[in-house]
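Here it is, the structure, as structure tokens.
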Amino acid sequence: KDTYKVFLNMSYSGNSWQAAAANGIKALAATPPYDKMVEFKTVISGTDVQRQISDLQSMIAAGADAILFYPLSPTALNRVVKQACEKGIAVFTYDVTVTQACAHNVSSITARYGANTAQWMVNQMGGKGEVVFNHGVAGTTVTNTYDEQAYGVFKKYPGIKIVGDFYGNWNDATSQEEVAKILAAHPNIDGIWSVDGSYGSLQAVINGRPDRLVTMAGQSNNGYRLAIADPAMQAKGLKGVSSSSGPSVGGYAFKLMMEVVTGKTKLEQQNVEFPLPWVEPQDVKVCPGEDFVDGCNTFPADKVSPLFLDTALDGKTLPELSIDAVQTGNPKPGATIQPLPPVKYADTLPGINCSDCTAPADWLEPNLVKPIPVPN
Amino acid sequence: MMAQPSPWYRRLGGGALPAILLLVLMLAVYAVYEPSALTSFGIGNLLNNAIVLALAATGLTIVVLTGEFDLSGAGVVAICNVLAATLSMGSLGSMGTLGFVLLVGLAVGLVNAYLIAILGLQSLAVTIGSLIVCQGIALIILPAPGGEVAEAIDGVTGDIFGIPYAGIMMVAIALGWTFLKNTRWGISVYAVGADPVASRLSGLDVPTTKFLALVLAGLCYGAAGFVYSAEIGSGDPRISDSFLLYMFAAVAIGGTSLMGGRGGVLGTLVGVGILTVMQKMLFAIGVAEYYTNIFNGLIMIAAIFFGQLSPLVARIAHRRPA
Amino acid sequence: MPVALQVNAISKSYGATAALQDVSFQLERGQVCGLLGENGAGKSTLVKSISGVIRPDSGQILLNGEPYSPKSIVEGNQRGVSTAFQELSLVPTLSVALNLFLPHPERNKLGLVPARKLEQQAAGILEEYGVREIRPSALIGDLPLGVRQRIEIVRAMMRKPSVLLLDEPTAALSDREWLFGLIDKVVAEGTSILYISHKLDEIRRLCSRCVILRNGHKVMDSEVKSMTDDQIFTNMAGRSAVETFTSRASVIRVDAKPRLEVRGMKGPGLEKVSFKLAPGECLGVAGLEGHGQSNLFKALVGLSPVTEGTILVDGTEVSLHSPREALKHGVTLVPEERKSEGIFSDLSTMANISMPVVDSVTRFGLVDRNAERRAVTAVTPSVNLSDRFLSYGIGALSGGNQQKAILARALISGAKCLLLFDPTRGVDVGAKQNIYAMMTAFVRDGGSVLFCSTELDELVHLCDRCLVMYRNAIAGDVPREELSQDRLLSIASGFRPGSATMPASRVGDVQ
Amino acid sequence: MQDNRTTTASAAAGPEKVRGRQWLRPDAKPAALVLAATLALIVSMKLVNPAFGSMTQLAAILITSIFLVVASFGQGLVILTGGIDLSIGVVMGIGGMIIAGMTRGSDDMLVYALPTALLCCTAIGVINGIGVAVAKLPPFIMTLSSGTTFFGVGLALTAGSSQQPVAPALQHFMSGSWLGIPLPVWFLVVFAVLATLLQNGTAGGRKLYAMGSSPGAARVLGLPTTLLTIVVYGASGLCAGMAGILLAGYSSSATLDMGNALLMPTIAAVVIGGARVTGGAGIYLGTLAGALFLSTLSTVITILSLSQGLRSVIQGGIIIGALLLQSNRSAPRR
């Protein structure tokens, strides 16, 4: 078979994360040799689950070979996913997952973001201080999973006090407003834990308490990465780690799906873990050009918006992408698709990427950061 | 000499007639571009996609006809969905769950009805409040998507003798409304929406009419939540704002005036059809991505616009000098 | 005679306004009692208290000797009290038949309301009450105001009440004899009627007794025969005046170009209408309801489509496609339907009146309340509207006072040509005199008035000339010296001068 | 002749007996009540948590309420005429995106970018207005559809991502202060005064009330209803654009969907402030109070540290409570 009918189904649209992921996927689909092999179509379903079900049904009816989608719910789409699998369609999700066993979930959700970042903050804060907790979107599995891990870690240290928490909806503007309000009530906070919206959170602290910044964990907005690596900011107390699932998971999932569909790779398990990005202040390296080469991972401030997600690019797995590619969806000139490194299979987490399964015993523990002992 | 649309025209749905034509046209386009559209699989899918919105928008239509607003529908659907996902596998069973979610719908409807019909608070403001409360309750019951609904509930998406249950429900809604509309209460719904003062002076019980409408709407939302659970087979505490907007869009496209007193459920069903087929048709003819949004918007405007033209045309055609 | 209705010292206040204070009276069986009073005297409030729409603050009512305090209008109906309201209570989107049988139309075994059957019954009832030309399936909203008024009356009567309350039933009726006939009939059957009207001749024709209210108090309760018009009037207004028409000299400026000239105007409900209206002229338009007067008035300001014909203002051809354009050419309409086309019910009376000039009473872009008040109080005396109402929301005013406010608004707009559609509808006797004086002064100052009225005597006495409409066309143009009620009525009913044929239908061929 | 003129003397008392001027205009009552509810919220929170209610906190509440205050002025005007504007969220996003896209992180282009952004947003509003006033489409569908459509256009033009940071001057405006009071608070005060004057002081505002109160009478009287409708929707677009620009300045970048979360609150602010959804009643002071109330409520909810479910229940409950406060059972129902 030399051409494949491939659908990308986006749910939300209009926010930077979704846009960067979709553009990355589009650029890859237009990069040789896929430009000739793939009959590629993007469908936006919006935020209504029923619409996504309807669109997936349409894709099945239209004779898709492969469907890559961002599910609105881990369980609500199971039936239609099963229908697709039964038709022999390769079904891949990116970033968030479904519990239907025949789908391939490509995600960092199992990489213990919550536990690792919380532990990192605890370590930096010496096991004590006031922390503000920036949840993601209420009612989602991702948020609940990360929250549970992070809470578990913070709770181990009696010196850590969570003085405020809010739902920032993975949104910088909202996070900024909420942090500004909390800061006014709790002027002495020492740390902000977040999944996304960390640049907004940081802005609120810079505006409200410019001479004393905080320890943070969060998303990899370019502005945030520049800030944590900025000595002036560090001098005022900013310590931050940039992590959290990036839009490049979409491109990665696409490449993996194409390798599977074309028979280049055979997956032994359904769930694939996309490595969690992890950039501490000393790891920030500014890129001279338009893409990530030689291990650089950040752009100068005048090149992109501070909200630009550096994790839209990935030097290791997605060398085909550039700034322009993830902003417009056009392929990087001269690029060709490079093979992927071997995959890492994901842990099973019930209710997240499987239904009848058990989670590993230590799934609430950090696995990237070594815990410091509890101070007394 | 009295200028008025002829009765046949009114019986055919009056303002909804052009919407019906548009729906048929869209269905035709869809069928031409997507051969599987007319298979039982295609039709079944279509009906199942439409039925939840149809039930919810039916409830909303009744409230809107009385001249009030109700935003709580999306919240009730969310609560009922998470309840179905947490209860139906337990001792309550599927019928028990159905009964329970209808009770929940009823309860929310009663609260809205008390605040709006009895205390006379503004319906839009009140139901913004009850929407938020319902969304909160759904989150408390089920903090993250999950759960499972009983096999028997799942069966709602199936068919009997090749006729999808969703189709049967659709017909039941249409018949049910045709019946209700011609009862005393149905007549007072229209009267109250058109002119509350005159209705009161005519001896109609305005608060009771509104009260019943809001309660019935609650029941419809409960039923919608139940069927929604069957559709997605699990629970999800979040239901998007767009569902609410589609509810209102279906009502308006179906020719029901948001000021009350004019329109009806049959038109709403057509509106639901247009919104559902629109998605399918755009996919089939290959309109993708951003253009879907643009076309969605334009089709909604077109549906309404033709709806407005037609009574005008009918009037002019009828108005020839005697 | 046995007492049918006994009202004992009832009071009702709206906020600071005492609409009724300690009003007592009684109504004997088979009696027609007139209720008179200035606009805002509390007549409608009394009617609403008796019919169960509002509950009085204090006092009690006895119906046929038994205590009666209706919680709702339905209860009132059940106890045998029914009402034709001043602001009609018909639902515009329902059919005539359904409206007649509200609130509890008959049901079949399934609980459904059988539309066909109701329409047949309604046809029978309308026939019985002499309303022949209305199709029972027609929607109320499609019918002219006069027809709606008839249906309102029929609905009140068909319930065979023991006490019937008629609140200004003739306000929009051009054929009063129809009503008088019905009243005579039901009174003979023993019904008692409380009859509200501002027209003394009606009171004299129908009522044996009359009660007069002023500022919420009963000031008089007496035999009608024993009262002179002047006495009645003095009791109502607290000052002496008589309902008379002082004849005035013609002030028509014949030399000037016609202010308004219409040539061959055609449109829906209008057949080839042509006329001229000179500066200083008051031109009447007579006709039974449903013969095109309202279409004519609406067409002149672009509210009703015109398919053919031309309109000239001061000799130049103009297009009046909207009331806005019309106003630019100095033509303004005082509309027929006060409720939906006249008042802005959420605004104060002041704001209602000042609306046409609100742009010019501003200072630094903001409305200058003092300038606004000055502008408004300059016109309110001409319509006899008391200044204390200006700060009230207009919705709280009595019907007649609302009408005065709308007239004041037409005056303030500075139009040279007023199209007055029944401007004295529901206006009390005193105020009527003021409105007549206003019109007289307006034409004397060179203005022109096109004046439609359901009261023929107004037309006869005020107009320089009168057009009579029949079947959407102008059937007659009667000069001042030939003006008489009989003449107008005969043309309006379809008698051609010199033709002896009876018209096919009395009230237009609405079918 | 049974003439009882004895009562004549007392008759003169009648309705003339109007009590002295009411201390509060009736339409200002909801505004006052909602403001009182806002204060009650602050006070009760202060009792629970003494740190609450500091000057910085109040300033934070005011600054974060500014988007709602500005956007709901436009929504309020539209609702006043009996319409509704569902495109506000999208227009906010578009306003922010234009500012970000044109200024590209420097102040040079700001003088061009500001008018361009405002103009584009106003234009969307004007299109809404034309649809409603000329094509006679129901406002609900017209604005919903145009929102969807322009969201699609915005997506197509930007590929969905915010390309550039926002001009620093805007960011400084949102974080700076003058005389010890944050600049946005100054802006808020000036905006509120202007908006109140515009809606409740000018002749144009008066006409909007008339139009909303009785469209039929407005037409017969010859008010320029078409023009006013278009202006009102245009103003709503303008306000939404302004709110979007402020939001972009506040968070120093823009996304197309950043206004979505504010659509519902704009409607809520207007109706909680006592405006009637069907038009003709309600003053801007009420809308302002409603916006401040919602903003304070969300702060209180943030501070409470509860699960989102409970937060929603409390938030919704307090909104209904604030409405109950306004209910007037003795008032005649319309």
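Just so it is clear, A, B, C and D label the chains in written order, and each chain counts residues from 1 on its own.
Rule of thumb we're sticking to: contacts are C-beta pairs under 8 Å (C-beta built on N, C-alpha and C of every residue); 3 or more make two chains touch, one makes a residue touch a chain.
Protein identities per chain, from UniProt: B, D = ABC transporter permease; C = Sugar ABC transporter ATP-binding protein.
All of these numbers come straight from a predicted model, not from anything done at the bench.
Student: Per the definition at the top, count C-beta pairs in contact and tell me whether B-C or B-D has more.
Tutor: B-D
Student: Using the average of all C-alpha atoms in each chain as its centre, how far is it in Å between subunit B (ABC transporter permease) and subunit C?
Tutor: About 43 Å separates the centre of subunit B (ABC transporter permease) from that of subunit C.
Student: So what's the Cα centroid distance for subunit A and subunit C, whole Å?
Tutor: It comes to 72 Å between the two C-alpha centres.
Student: Between subunit B (ABC transporter permease) and subunit D (ABC transporter permease), what is the separation of their C-alpha centroids in Å?
Tutor: 29
Student: If you average the CA atoms of subunit A and of subunit B (ABC transporter permease), how many Å lie between those two points?
Tutor: One centre to the other, that is 37 Å.
Student: Taking each residue of subunit C in turn, which ones touch at least two of the other chains?
Tutor: In subunit C, nothing touches at least two other chains.
Student: Provide the list of subunit D (ABC transporter permease) residues touching at least two other chains, using ranges where the numbers run on.
Tutor: If we look for residues of subunit D (ABC transporter permease) contacting two or more partner chains, we find 151, 155, 260, 276, 308-309.
Student: Two or more other chains touching the same residue: where does that happen in subunit A?
Tutor: If we look for residues of subunit A contacting two or more partner chains, we find 44, 138-139.
Student: Let me know each pair of chains that touch one another.
Tutor: A-B, A-D, B-C, B-D, C-D
Student: Across the complex, what residues on subunit A touch subunit D (ABC transporter permease)?
Tutor: Those residues of subunit A that touch subunit D (ABC transporter permease) are 12-16, 18-20, 22-23, 44, 135, 138-139, 162-167, 169, 171-174, 176-178, 180-187, 200, 203, 207-208, 223, 301-302, 304-308, 326-329.
Student: Provide the residue numbers of subunit B (ABC transporter permease) that touch subunit C in the complex, in ascending order.
Tutor: 1-4, 7, 179, 182-184, 187-188, 190-191, 194-195, 197-205, 261-262, 319, 321
Student: Which residues of subunit A touch subunit B (ABC transporter permease) once you look at their complex with the stated criterion?
Tutor: Against subunit B (ABC transporter permease), the touching part of subunit A is residues 41-44, 46-51, 53-55, 57-59, 61-62, 72-79, 137-141, 143-144, 351.
Student: Which of the residues in subunit B (ABC transporter permease) end up touching subunit D (ABC transporter permease) in this complex?
Tutor: Against subunit D (ABC transporter permease), the touching part of subunit B (ABC transporter permease) is residues 69, 115, 119-126, 128-141, 143, 196-197, 206-207, 237, 241, 245, 248-249, 252-253, 257-259, 289-298, 300-301, 304-305, 308.
Student: In the complex, go through subunit C and note every residue touching subunit D (ABC transporter permease).
Tutor: 16-19, 21, 40, 54, 214-223, 226-227, 235, 238, 301, 303, 322-327, 332-333, 335, 337, 340-347, 351, 355-356, 358-359, 361-362, 365-367, 388, 409
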